[in-house]
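The two complexes that follow have chain A in common; it is paired with chain B in the first and with chain C in the second.
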Partner chain A sequence: MFRYVVRRTLLAVFVLSLVSFVSFGLMSLMPGDPVEEMRMSNPEMRPEDVVRLKALHGLDKPFPVRYANWLSDVVQGDLGYSRTYKVPVTHLLGDRLLNTAVLSLSALVLSLLIALPVGVLSALRNGGRFDYVSNLLAFGGQSVPPFWLGIMFIMVFSEHLGLFPAGGTQTLGQEHTGFAGLADRAKYMALPVLVFTVSQMAVYVRYTRGAMIEALRQDHVRTARAKGVPEWRVVFAHAFRNALIPLVTVVALALGGVFGGAIITEQVFAYQGVGKLVYESILAGDHNVAMVAFNITIGMVLLMNLLADLCYAALDPRITYA
Partner chain B sequence: MKNRVRLIVSGLLLCSGAAFAAAPGTLTEAELRIGTTQEFENLNPLVSNMSATSYILGAVNRTGLVILDDKNRWVAQAAERVPSLENGDAVFFQDASKKKLKVTWRIRKDAVWADGKPIVASDYELAWKVGLADTVSVPNREPYQNVERFDIDAKNPKVFTVTFTEPKFTFARGLWSALPSHVEGKVFKEWGDKPQGYDRNTSYARTATTPALYSGPYRLSAIKLGSHVELVRNEKWWGKAAAFKKIVVRVIPNSGTLESNLVSGEIDVVNGIGMSLDQALAFETRVKSEKLPFQVVYGDGLTYEHIDLDLENPLLKDVRVRQALLHAIDREALVKALFAGKQRVAHHFLHFTDPWFTDAPADVTKYEFSPRKARKLLAEAGFKAGPAGVLEKDGKPLRFPFMTTAGNKVRENVQAFVKESLKQVGVDAEIRNEPAKVFFGETTTKRKFGGMAMYAWVSSPELTPRQTLHSSSIPTAENGWAGTNTMAWRNAAADAAIDGLEQEFSLAERKKKAAVVVREYTRELPVLPLFYRATIVVSAASLEGMTPTPHTFAETYHIERWRPAVGARSGK
Partner chain C sequence: MTATSPVLRHGLSHALFHRVMPPRLRRFSRHRVALIAAIYLALLGVIALGAPLLASAFGVTPDEQNILNRFASPGQVVTLAQAQKEQRVETWVSRSAGDAKHLARVAKANGWIPEAVSEEDAPYEILAKVDTGDLAQGVLAAAQDPSARAFGGLISSFEARHVLGTDELGRDVLARMLYGARVSLGVALLVGLCAGGVGLLVGCLSGFYGGWLDAALMRVTDALLTIPTLPLYIIFAAIDLRKIPGLNALFDGESQSVLKLVVILGGFTWMTIARVVRGAVLQVRRAEYVSAATSLGGSNTRILLSHVLPNILGPATVSVTLLMGEAMLIESGLSFLGLGIQPPVPSWGNMLQNALELVRSRPLLAVMPGVLIFSVIIAVNFIGDGLRDSFDPRVRAE
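== the complex of A and B ==
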């Protein structure tokens, strides 16, 4: 097991380097850069200013040189400088990563809490009224675009009912601590979490239902029932445990993306997360910010995949890692 | 049902100690909350470049020696008076064989930083040195490079003299903001020789809430880039005291939810870079129909929307074709139909409030809406009726791409109007829109639009159009695609007039030179002028004193005039 983990970790470092190289290259192919953006908004910038600033930011160098410089700085612990916000990248990312993780994890936990029982029940009542209704809602949840749902929630819960703030991360200028601080954050997170939950929950309901229907048809489940094992034990100890294997993969991938952000949800609710920051950074050609966020997300995906693989062994005794 | 839901959730929230937003549209002197869609960077006035940053700087940085007032006139701000040749603060002198200009500035005696230290000449000298450094990312170095000497009066630290390398009529305008030398001096000394060293280590980035960095009616108390800034009253401010104790500026990137934030009481104001005109018009209708406590204020803006023509496209090389295009567009109907008449038709690049503006028939060739004239000009250019109603010449249809920024609803509406207008006279403008990043970063910069490119130019009063209309500003591979004369317009008379403008110290003579550029521009039409954009501010109806400004100095440069209406002050 230990050797397996070491091997996978080394492979992850290789994949991370490769993906960072590719993503840096792709971003370099995008037209424009922060200096071009400055030029378009500043009619007094002269051609010589454009040339000087590109040289100062190293934007006049070919892509491999720029990548090598970036990598060298990162390895030395310097994550770089945001050319858009004109501050070190570390100033920008810290709180935002945490905000995004809290939003994503809250939505993930909430959607699993709802989706797992609904999916199991739906599979047990396959073809029944509950199954139809849950399927309808799941398809609806998957089909509704998050930006539309977000705007609808804002109109209903903020504009008309005045229950939740229309956007933001916390009440500005008020230093809430302890429980009041948590309540304040919860008030701002309620609508984005709800939107995020609706779209995710639908996926998990479908996966759980499908996996459970498959598991309930297995021979060992039929055998357990024939042996007179109580139904709840058949469902949870025999069927659900097997159904968890495909679900673990999906949840692990979702966990890998907790730092990736929910760009649309964060944009609509002006939520201070990393998704919005990365989106803006890519648009502005602010590579240093985008690259750090990319690599954190890629690292998380690789880590969660490794954890998922280890979970398989725990869930299924037939799986072992040498 | 609605009440029951409200009751349950209210109960839950109240139990948890949560507080609701203030009632929409109510104001007190305790706090004013402003929403904007655009991001801002750190508040160092020398390296900042974003509109939203400039908006915030208006409230916290008043070290600019002069400023444009509401009527586009330069007036003193941190200076005691505007230097001029007439008042003797500016004098020409002969240095060897060259005529040079020396300008004396006197800083207001009461001007101080927010820590109480006086604003002195050495603060401007430090900014000059920072501006000249190759290692600092100052956007435009021309104002710094054009000063060859900076002399501080030995007897009075608030008086200094600058000697210009090239005397220009803008000598009393282009001077920079100051940097507090007692704070930033040591930072520049330590980091100034390293590439981007000062950028990364300026106190505006590292310890942004240091009071000594600010000099306006407000100073910064909190900043979260990409999210918000909080400003509190600067007790050391030397001007008229601001009414609001605290100002919060929040970034709400989605313009659709900006309105919801206003209506639900999360913000009190949407600033001039928050709402587009179509949104403001729709919101104004809603305000009237639902009797909401908000106001929409419109003002004249210097930004003008236009269509660049690719003069290297053989179809557009013929001036008669370009003139026909403008005759075919009913711009008066366009601004009425799409903007309720709130934006004015532009006949050339100068705004009607600009001192150089001319409307004289000798200077300006106007192209009224006349499809008949358009068809006649196209016929004279050799175009004949072709298949599907599109004119053709030598078997080639009168067809070219028409590009603008994809997703910009206002522009797309204008584009549809123009396309339909051109179709009526047999011109097929093919819509090929691109995201702003590609459109500005590649297509216009490298002159790849091939036909018509619609966007806006930001201007300011008496701005020499060197970057946009001079032939030396045509972007080419040789000059690294620098310059914004994307039409590739070459006109010797206009070039000569532009060259002479900067060194012309008589306003009357400058007007004559500017008129030459206008004359050539309107005769040759390298660009189709459309309209001047209006500036818009949306706020609580009880907010007084806030008016949109027509220039690049945002409304926050008069933030001390803002106050809640007398009857509204006890609302919250």
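== the complex of A and C ==
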């Protein structure tokens, strides 16, 4: 077990460094070298200045050397400076990561709260009307483009009904504290959470339903029924516990996407999260921000993949790791 | 054994039924929703192919802008302003000077315009006659002479019926949706083909030959699967592929964004297909008919192509279908963000680029392309589900 964790961690570190190397390379392919941009906006810059600035920031070095420099800085805790926001990357990231985590986790909890009962009920009524309707809704949720759903929600809930603000993270200029502050944030979070919930709920409903149908077919469930165990106990103690195993994996994998999954939703609602930051910094050529945010996103996925596998082993003693 | 045994009779009619209709198709068509979805998609496909015909029937094009006519309401018939008409006639004359000269002669010979009109003024004079109603448009369109017909076509293009209105640049929404169907459906189809091809190849090699090849290919597949795709797509969409030497020729021209998107999406979605195919190949490889073929001395290539491949096409088709739905979802999302299909090439996703600002003033513009995207993706998913049911042996038993 311990050796397995060590091996997987090493593998994850390897994948992450590979990904960071490749993404560093890709970003250098993006239009807009910082010094070139300075020169374009400042006609008085002389060619000597360009050479001097490039040498100062190490931009004249070949790409592998630049990557090595960046990596050693990051490992030492220096994430660099944001070109667009004019602040150190560390200042920028904290709030953004928190905002996104709150958004993603509330959506995850909400969608599980809805999906688990719906999935179980639909498995119990396999082939019935409830099953049919929930299947149809799950199909819809899986097929709707999240950005468009967001636009439609803005149209209905904010333009026509005026219930929620169309975008943003909190009311500007009014510094609410304590409970009022929380309520203010919740008002802005409602629509993005709803969109995010709809698009991931469908997957959980389908997984829960599938796992439950599979679990209800098992022999021990029939034995339990034959023994006269009450139906609710059969469903929850005998079937649902087994159905949980694949579900835990799915949820752990979803936790991995906690930072990267909401890019489009955050963009539609102008929600100040890390996804929006990744998107904007990539477009603006703000490489320091983009690299760190992007690699945090990927690191999260790798970590959660590992946790998912470990959970699997913990829940199902039949699975062992060599 | 008597021929009247109910079991046998049932068997006979069953066999007859099988001969009339291939079993998979029969099972697929039992899945009524999937069938409706397939018909809907086929219909959209035909409409997409016939987009130029439909657009010209209403006298509209997807690219033509008209700032004087932004946000026309649905069904509005729009006539160009006099200055715009004359400008277009001028461009036509300068572009096809020979036709213009010929037109002047024909018009005078037919008595459409007086003999005294100079050659340069002739087209404008005809235009004026048509506008006042002295000369019917049909006369030009029905003329023997090709230059007169061409000019008639030009004049009829001054009047456009905007069935679904126009967008913020005065472009016809219906025409853009029709042409957008070609792009959106085309991208999904191409991504499906690319990813399907790569996935089939990798999965077959990996599952059939096993050993170090399998190990290597599956490590790559797993590594790619762990990478969150959306940020990756954004990076790839934002970079300039032409900076990579050797690729600049490939990504030139107006539709380069379409090609680029297909390459990116295809390059990062084949993994699921490869895994499905590999699993299916592993299952088939153990089958008795494969070992029979091996013992008869069949070569690996032959066994792979004529025994394994036909038997894994079922699961492969299902995953390719589902992938096409996903490709469409991603394409629309990226195009909405401004990173996918670049205007002026229309796609349903990039038609929604300004939707957020139009939510209050022009809600229809924000609703319509989205409804199309949504309906197509849901149709594709239904078809995938229907296919899965018809290929899944467990469902067959029930």
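Here is the rule we use: the second predicted complex is superposed on the first by the 275 of 322 C-alpha atoms of A that agree within 3 Å, B and C clash if a C-alpha of one lies under 4 Å from a C-alpha of the other, contacts with A are read in each partner's own complex, and residues count from 1 in each chain.
The working rule: a contact is a pair of C-beta atoms (placed from the backbone, for glycine too) under 8 Å apart; a residue touches a chain by one contact, two chains touch by 3 or more.
What you see is a predicted model, and the numbers here were worked out from it, not measured in a lab.
Asker: Could you say whether A:Asp219 touches chain B, chain C, both of them, or neither, answering first, second, both or neither?
Answerer: Neither partner.
Asker: So, A:Ile151: does it touch chain B (first), chain C (second), both, or neither?
Answerer: A:Ile151 sits against chain B and chain C alike.
Asker: Regarding the shared-chain residue A:Lys276, is it in contact with chain B (first), chain C (second), both, or neither?
Answerer: Only chain B; A:Lys276 stays clear of chain C.
Asker: In the superposed arrangement, does A:Leu161 touch chain B (first), chain C (second), both or neither?
Answerer: first
Asker: Of chain B and chain C, which one contacts the greater number of residues in chain A?
Answerer: The larger set of chain A residues in touch belongs to B.
Asker: Could you say whether A:Asn305 touches chain B, chain C, both of them, or neither, answering first, second, both or neither?
Answerer: After superposition on chain A, A:Asn305 lies in contact with chain C alone.
Asker: After the superposition on A, what does A:Met27 contact: first (chain B), second (chain C), both or neither?
Answerer: The answer is second: A:Met27 touches chain C but not chain B.
Asker: Could you look at A:Met45 and tell me whether it touches chain B, chain C, both or neither (first, second, both, neither)?
Answerer: first
Asker: Considering only the touch criterion stated at the top, classify A:Lys86 as touching first (chain B), second (chain C), both, or neither.
Answerer: first
Asker: Mind working out whether A:Val268 is in touch with chain B, chain C, both or neither, as first, second, both or neither?
Answerer: both
Asker: So chain A touches chain B in one structure and chain C in the other; where do those two contact lists coincide?
Answerer: In chain A, residues 30-31, 151, 154-155, 159, 166, 267-268, 283 are touched by chain B and also by chain C.
Asker: Please give the residue numbers of chain C that touch chain A in the complex, ascending.
Answerer: So the residues of chain C touching chain A come out as 223, 226-228, 230-231, 234-236, 238-241, 243-244, 325, 329, 332-333, 336-337, 349, 352, 355-356, 359-360, 363, 366-367, 370, 373-374, 377-378, 380-382, 385.
Asker: Give every residue of chain A touching chain B within the complex, in rising order.
Answerer: 30-33, 36-54, 56-57, 81, 83-88, 91-92, 95-96, 150-151, 154-155, 158-163, 165-169, 171-174, 179-180, 182-184, 186-187, 267-270, 272, 276-277, 280, 283, 285
Asker: Write out the stretch or stretches of chain A touching chain C in their complex.
Answerer: 15, 18-19, 23, 26-27, 29-31, 139-140, 142-148, 151-152, 154-155, 159, 166, 256-257, 260-261, 263-264, 267-268, 275, 278-279, 282-283, 290, 294, 297-298, 301-302, 305
Asker: Which of the residues in chain B come into contact with chain A in the complex?
Answerer: It comes out as residues 2, 5-6, 9-10, 13, 16-21, 31, 33, 39, 41-42, 44, 47-51, 134-135, 137, 139-142, 195-196, 199-200, 205, 222, 224-228, 230, 246, 248, 250-254, 256-257, 260-261, 263-266, 437-438, 440-443, 445, 457-460, 463, 467-468, 473, 479-480, 482-484.
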